[in-house]
Amino acid sequence: MSYARQILNTYQRALKVDNGLLAAAIDAASDCAQACIADNDADLSEPNLTEMVMCIRLCMTCADICTATEAVLSRLADHDPAVGRPLLESCVAICRSCGDECARHAQMHEHCRFCAEACRRCEQACQELLDALK
Amino acid sequence: MSYARQILNTYQRALKVDNGLLAAAIDAASDCAQACIADNDADLSEPNLTEMVMCIRLCMTCADICTATEAVLSRLADHDPAVGRPLLESCVAICRSCGDECARHAQMHEHCRFCAEACRRCEQACQELLDALK
Amino acid sequence: MSYARQILNTYQRALKVDNGLLAAAIDAASDCAQACIADNDADLSEPNLTEMVMCIRLCMTCADICTATEAVLSRLADHDPAVGRPLLESCVAICRSCGDECARHAQMHEHCRFCAEACRRCEQACQELLDALK
Amino acid sequence: MSYARQILNTYQRALKVDNGLLAAAIDAASDCAQACIADNDADLSEPNLTEMVMCIRLCMTCADICTATEAVLSRLADHDPAVGRPLLESCVAICRSCGDECARHAQMHEHCRFCAEACRRCEQACQELLDALK
């Protein structure tokens, strides 16, 4: 069980949403940032480098936005929908396009297959959290 | 002149928007992240600590979102409005509420006055960039 | 299994060290950053706030250094000991002092107990990686 | 004047070192992170892409370590040499090798010339702060 999940119930929080949905989004954002950093590095080692440029770019942006999303969602005591909702929307959008691009390379590069999976999970977890916040 | 501003014209970019507006948003996000990290630390040293808790929390979230916004805006060769627009909206929202909270403490704490100013500038620069992207 | 661990063997890497040790350090740094961000927020909600200031400060620094360490270790294709070793040393040092401070509050605050555990694991995993790199 | 410099004297700090040296290191780390993110993106747009891979990699690691260094140095109220010194050493080392690599491309790519300059300044500012802390 992740630390985010364990700490979730140890103090009062402002974000009144199902524990499982919140923890899933935090963990998925953390996993996705990790996968994108690793996949970006692996892409840079591939012989078909010029075809990987879009994937390299998207992985960097995806890692940055997932890292910020994970941090903001992990601060449970305060929650401002005007901040949190568009951040989640941005995270869903970058995970979708990064996941799409990684999926295009998944057959040729195993690391892209793993990263596509991480992006899909993060996109879904953040979308489900967004839906629950509505 | 900031490095962001100097590098802006050295290669082809996707984001077709006025140079000055883009560089202003990148620089303001960088300055605001720096101010928020420093103000957060200064807040933690104040004797009226319990009154500073909201300011401490907002500064952390503001620093995280400004850092992500600065990075995403600095990657000029690709631009996806579905990612960039909500990220800028999130940045405007956190800079507004962090700036409001810092302004409440500005008379008592000089560091909050500086941070409020950084938040206002970043809110404005990101809003102007958002308006130009419409 | 973490994405770092899955991607570890999908391409050629410069860092010739046992897979398990490397993946353990990456995962522990990721977990520790997550725990420190959450614990910091929980600390700010506690009634004995003034006693928690040191813990709040250390958690922020620990999260920042663990995040950088995780990213640098995840880039496997290149490795410069002049960069990686002192970064790991810095990570070991902050995890030790943050873990010590969290442990002092562990009986009173469950979130600090979880965070102390995350810090101990990261300190140990980074130390073991450092020892293996010698 | 940067916000770091303005906030430096607004509260009591643990790090007893010349204001100018400290502010110079914080500002240089911030500038260098910004330059490295922008240069990395510009590198990815160049036709001689395969020759730029090392530069692309180093810029990412340099940005990550400079961002962490800037944050840790900006927290003035507490200072632990066991954490700060190796972090500065790591920052000096990555700025040196990233600066060297950028300098190799400076004649062909203006963005690399700017980034090399940012790396040199950060290397020097962090080294001077390290020397003063001895």
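Should a chain be cited, it is by its letter among A, B, C and D, assigned in written order, with residues numbered from 1 in that chain.
Here is the rule we go by: a contact is a pair of C-beta atoms (placed from the backbone, for glycine too) under 8 Å apart; a residue touches a chain by one contact, two chains touch by 3 or more.
Only a predicted model underlies this, so the values are computations on that prediction, with no experimental measurement involved.
Participant: I want to compare two interfaces, B-C and C-D. Which one has more contacting C-beta pairs?
Facilitator: Greater number of contacting C-beta pairs: C-D.
Participant: By mean C-alpha coordinates, which chain is most distant from subunit C?
Facilitator: Measuring from the centre of subunit C, the most distant chain centre belongs to B.
Participant: Hey, how far is the Cα centre of subunit B from the one of subunit C, in Å?
Facilitator: Computed value for the inter-centroid distance: 27 Å.
Participant: On a C-alpha centroid basis, what's the spacing between subunit C and subunit D, in Å?
Facilitator: Their C-alpha centroids are separated by 22 Å.
Participant: Mind pulling the residue numbers of subunit D that touch at least two other chains?
Facilitator: Residue numbers touching two or more other chains: 41, 44, 57, 60, 67, 71, 75, 77.
Participant: Which positions of subunit D touch subunit B when the two form their complex?
Facilitator: The contact residues of subunit D facing subunit B are 2-4, 6-8, 10-12, 26, 30-31, 34-35, 37-39, 41-42, 44-46, 67, 70-71, 74-77, 109-111, 114-115, 118.
Participant: In their complex, what parts of subunit A are in touch with subunit D?
Facilitator: Contact set of subunit A toward subunit D: 40-41, 44, 49-50, 53, 56-57, 60.
Participant: If we count contacts the way the header does, which residues on subunit D are in touch with subunit C in the complex?
Facilitator: Its residues touching subunit C are 54, 57-58, 60-61, 64-65, 67-68, 71-72, 75, 77-78, 80, 82-87, 89-90, 93-94, 97.
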